[in-house]
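What follows are several structures.
Here chain A shows up in two complexes: once beside chain B, once beside chain C.
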Partner chain A sequence: MLHKFRYVNPGDRSELLDLLAENGSSAKLLAGGTDLLVNIRGGVQRPQLLIDVKKVKGFQGISWSVTDGLVIRPGVTINELLRDATVRDKFSLLAECAHDLASYQVRNRATVIGNIVNASPCSDMAPGLLCLGARVVISSKRGERELPLAEFFTGVKKTVLASDEILERLVVPAAAVGARGSYRKLKRIQGHDLGIIGVALMKKDGLISLGISSSAPTPVLVTGLHEGDAEEVLVAASRKATSPISDVRCSKEYREFMIGTFVKRLNREVK
Partner chain B sequence: MLEHMEPSELKLVGRKALRVEGVGKVTGEAVYVSDMALPGMLHAQVKKSPHARARIIRIDTSKAEALYGVRAVIVGKELNYKLGLYVVDKDILAKDEVRHYGEAVAGVAADTIEIAKAAVDLIEVEYEVLPAVLNHMDALKADAPLVHPNLGKYDYVPVFSPQAGTNIPNLSKLRKGDVEKGFAESEWIVEREYTNPSVQHVPMETHVAIVEWKTGDEVNIWSSAQSPFTVRNLFCYTFKLPLNKVRVVVPNVGGGFGGKAGIHLEPLLACLSRKAGGKPVKMRATREEEFCLLPCRSALTYRIKTGVGAAGKILAQSLTLYWDAGAYADYAVNVTRASSYSAAGPYDVPNVKLDAYTIYTNKPYGTAYRGFGHVEFFWGLERHMELIAQVIGMDPLEFRMLNLLKPGSITITGERISDHSGDPAKCLEAAAKAINYGKLTPQEKAREERTGRKIGKGLATLHKAPAMPSFTATAAVVKMNTDGTVIVNIALTEIGQGSATAMAQIAAERLRFPLDRVKVTIEKDTDKEPYDWQTVASKGIILSGNATIMACDDLLKQAYETAAQVLRAQAVDLDHDAQGIFVKHRRDRVISFPQLSVGYAFPDGNAIGGPLIGVGRYIAQGLSNLDKETGQGLPALDWTFGAHGVIAEVDCETGEYKVLKVASAFDVGKVINPDIVRGQAIGGMIQGLGTAICEGYIYDEKGHLLNPSFTDNKIPTAQDLPEEIETIAVETAQLDGPFGARGVGEHPMISVAPALGNAIQKATGAELLHMPIRFEDVWRAVNAKEPIDNWITKTPTGSCRSDPATRHSSPDSAALP
Partner chain C sequence: MRVKLSVNGSVYEREVEEHFTLLRFLREELGFTGAKEGCGAGECGACTVFLDGKTVNSCMVLAVEADGSEVETIEGQALNGSLSDIQAAFDRHHAVQCGYCTGGMVLSVKELLKRIPKPTVPQIKEGIEGNFCRCTGYQQIIEAVLDVSGQAESAGKGELKHA
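Presenting the complex of A and B:
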């Protein structure tokens, strides 16, 4: 199936927002393209216009300050995140998630924000970002709004983004510094694979958060758990928040079992 | 072939040598058909069926034909040809009925790939969907739809036995001894059923060909194919053309593994070229097309019933193999035939009843795949041996050793094993020793303590003979250049197995030349290379190796005859070294090879001799057709025996496991090149691990392939290699092998899966009957849960694609992450 589309490469933010406002519903934003281009090739998505965000002034790089927290912009690739000293030192959970995403070559192209806006249930970045309390800053010609990442996903590959909006910044609050956490992903091979399930567990200030992928229509966040809670309590909370299904990758039964197993393992490993 | 030579006498054979085609491959200079473009070349695409079985009501190609840049559009109806390797059952494009998901129904040739794709989208096909038969066991039922109602009318090669009016294009039988008596005398009878799904070869270079059908029916074919002469033969058979009108050229090939053994895209591209006025037409399959337009490896259901005597000797075996051919017989009928004389393994079994069925279903069809059936049936057989040992309370190694073939044993087809047949016991012992079988080392015990995981060790044996006609033949031509270098022409294709390097070593050894004076052609051309049957079956080293030696001897004989005249000596008194020929007892005068290469000229200008061109012809010796009722006869050029030992570390709670070590031993007769043997051993082993741990086609209940890409059809990566790999070459010389060598191309892939399954069982007690062995399968087996059979699944949608908008629905579209 051959699909023709237009490609534009705006250099500044207002131009981008104009393009989105004009073409929103028939346009798709292009960053790494590791999902979008594959989908276009497969005939699953047929956008009329691709708006490349990589050259937009101000859309590159990661910044960190105690006041603004960790700010990740649309051009930031997974490997850029992995190379960032602040991420490595202060947000190792995020680095773990990034390291488990696809292969090195794909990580050179794929972006952090792309992995979020794609809204795949098996997102590798979402579990860690959810635990860390990340917030999303959404922009359009109409203005800017900010909300917790936990409120961003609305269904399988669906988000709160309106057709004229872009997720412009992912912000991990400075308050998350000092959290201890880890990510575990069940795969079919040792090499790169989509998560059959993925679980991030984070401990901070006596509280435990869980971020779980491939187990519900969206990645889910579980809060309200405490260090010292019995394993069964954690497992029960994870089960309540998820609704895995059977598919070509795995059965529902095994997914449920492995979510529980990973929660228990992570609770023991994260000191 | 050769009198015994001490290793110390050998200068090149048995020693390391760099691959002769290696530099081009690592620099990217090597040319593959994928890289090629010809002047005026068109690009082809095909329209594929979204249904497993459907009647074609109407195909409207008018819009496609009207598209600017489209040069030819064809549909099945206009092509009155039948294709087939052994049973001639396939149309070039589906005609009245489509028989599998992804089958081609129309073809387009256009100026660009983009135009061809757009044209395919414009072709309208109206189908009447018919009930499909998907599970091969269902296809045997009396009321099953017939995939080929005309089976009784098709041409076929007489060694096969199609059953008209059924879905069985071949039934091969074997009877040895009295199986009922054997069971009656048995102390234990163990019966189980083992299964595995279809898998894909996944060569790095997908199927690709360029074909031009020129004026006067001159056809030129460039193809990424294993066997140029087979492409030519089958092509000419189908189109009724003389063989000298069709030329097949095979440059470098990016992997074959059996999937490129037969004929594939060439006939379709030829028809498109002819319709487009003779312009060359190219098509390269996409990865998704590799999975369902092109063939796969057959699924198998293997029922084994074994009777064992009080002392642990196997007394009787009833073996029934149900091979899932898919929609066309292709190689599956010959895989079935090969299994009918091999499926008892390297064991001495006095009484055997074997029935091997090939079964049509409405699924992509099966073809040759490294191991040619042995990977599949050894999964069952070597798991079965483990389970029998458990039942009778004997160690599995001891049980195997007790029953292995040894000199004097009679195989199930009646062949007597000799001292030179190869040594399965030595292989098994070597593999067992390499993994410290039967105990855990202190380090392993410490590791268990540290990880909380259990370590298990498992073994499995293997054997395989080339599956080939009794009269399989090949030839080699060795031509000397005026500087004393030589060119070796053989049609054995270098598909990564290292045969070009091995042949160069053999030729250089025989000629007593340094290796760099020998060139073995890489590009194969049916107009230039001498005949070879096929590059398959691990038969290249013996047949082409022997032909190469004979061609070298022929060249030397010619050189000696000329030199004898120059030296005024008898040929019998002559000898030679790398430089030239001399009289043995008077070595001061040497007639150099350059002087002899194209004829010798005396100082006065008179000349004798002529260009030195040696020809070697070799044909398999002493093989016979198998009796159709009893399966008795001599099918095996040689048997390569082997064994794997696997150490696996298993989480008994979750079924997750890791392969810590694989040790593999093969009786290769004589190592020609140790690095290439090791490379084959490791490459085959990891391919076998893929089959063992994760690979397999999954269909929905309508026969749609749900995982036609690497998204959900995983293959192992470099990270999946075991922590430790050991390869061992046993050398029991094959009397008719070049320098004693026998083939080992396929064998490393065989029996990796059961060795892993046996190791996992040792660690956990899991009784695994199905491969691949996914973590969930181990978990289910450990917890005595019903195994999941999702190879035809009731739940086609995934957690990552449960949104209908993103669901994979057409073979023209890619699978989604």
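Presenting the complex of A and C:
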């Protein structure tokens, strides 16, 4: 059972930004609802107003151009991303991350941007997007600002977003085209499950990036590694960047061990 | 808030509380009790329905979000008293035990077969990963899907080869 709240679905961007400015701290943005409605049901969040972003003009779809890169808007679901020809062709790492997220029904509803703004340490989309150098465009009535995704997360379920702001676009720069990468997620079962850990590894222009989830208060990005670096160097860098904890799913030591194992496996697999 | 939506081809217009889920609306306001609440958190799939042609967990959709949409539930599968092909295959293979998951399971299979007409066993397992069955152990369900997709020779008689 959900507590009583109001619901609005603005049709244009300025109306949405007005609503956020007026109601900010007592409102929550609703996209797929696959995290928000579960949190409301569990009493974790008690917003007075839900602002649905799905009908806002211009908030739908994925676009691609060499000048603007891959642009993902708030209405884009995980399955929409998976079906996108550009994503499959040029950003297969993103498709791998998306494919590992929850179940088919959830992917029909859950959004890419929702998976980022929820800022769960176990986000499946963050590892790939971090490796690819994604940027976020944040809007409010006060204006627009852009920053690297790596600077977006500030803690467990915490981001730089102010209460009147929305993450309006996720941008994967065209410079990331040609990167080779892969994502591995460790789960308790083969079916859909939260990750025990998740590791994305990407190689491009002689450099290696790692995106790691479920291993620190936020998803983390590791850069400054090179193709040809010894496995021990990659593992040490992943160890230094993460601080896993023990919880219901497994122990800290197992997480540490498996991060290293996945980094080594991915380094061998990604040619 | 006033919502107007179609369920299994019939149009309904109702006043609905904004905090009602689509599942609650279907069950309590419209009487479509085929969709069940299992976990209420998108894990079990017992509440699966089609929303504008896509399967969703109706426990995680608000009724107001479905305004103007076409909903299809398990009640819309049998026509004139005849089971759908998928339902009939579930019947033949005894893929139903307590039945709580079956409605959602049948709809997820329908979605899977629209995408992949002849799925392999791993593809079937992935297609129904969002639907938990605590009775059958899934084997009979997988056999029913192989059968209804014209792969009866692979379905066997309870001797499914695991992939």
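Just so it is clear, the second predicted complex is superposed on the first by the 269 of 271 C-alpha atoms of A that agree within 3 Å, B and C clash if a C-alpha of one lies under 4 Å from a C-alpha of the other, contacts with A are read in each partner's own complex, and residues count from 1 in each chain.
By our rule, contacts are C-beta pairs under 8 Å (C-beta built on N, C-alpha and C of every residue); 3 or more make two chains touch, one makes a residue touch a chain.
Note that this is a predicted model, so its numbers are computed, not measured.
In the overlay built on the shared chain, the residue A:109 is in contact with chain C alone; chain B does not reach it.
When both complexes are overlaid on chain A, the residue A:133 reaches neither chain B nor chain C.
After overlaying the two complexes on the shared chain, residue contacts for A:33 are found with chain C alone; chain B is out of touch. In the superposed pair of complexes, A:2 makes contact with chain B and with chain C alike.
Once the two structures are superposed, chain B and chain C can be ranked by residues of chain A touched, with B on top. Of the two partner chains placed by the overlay, chain B and chain C both lie in contact with A:41. Contacts of A:188 after superposition: chain B is touched, whereas chain C is not reached.
When the shared chain is aligned, chain C comes close enough to touch A:52, but chain B does not. Put simply, chain A uses residues 2, 38, 41-42, 190-192 to touch chain B in one complex and chain C in the other.
Those residues of chain A whose C-beta lies close enough to touch chain B in the complex are 1-2, 35, 38-39, 41-44, 120-122, 155-158, 186, 188-194, 214-215, 217, 244-251, 253-255, 257-258, 261. Per the touch definition, chain A reaches chain C in the complex via residues 2-7, 9, 30, 32-34, 37-38, 41-42, 50, 52, 54, 79, 102-106, 108-109, 190-192. Residue ranges on chain C touching chain A, taken from their complex, read 1, 17-21, 40-43, 45, 48, 54-57, 59-62, 64-65, 108, 111-112, 125-127, 129-131. Those residues of chain B that touch chain A in the shared complex are 114, 117-118, 121, 653-654, 656, 658, 693-694, 698, 706-707, 711-712, 714-720, 774-776, 779-780, 785, 788, 790, 793, 795-803, 805-806, 808, 810, 812-817.
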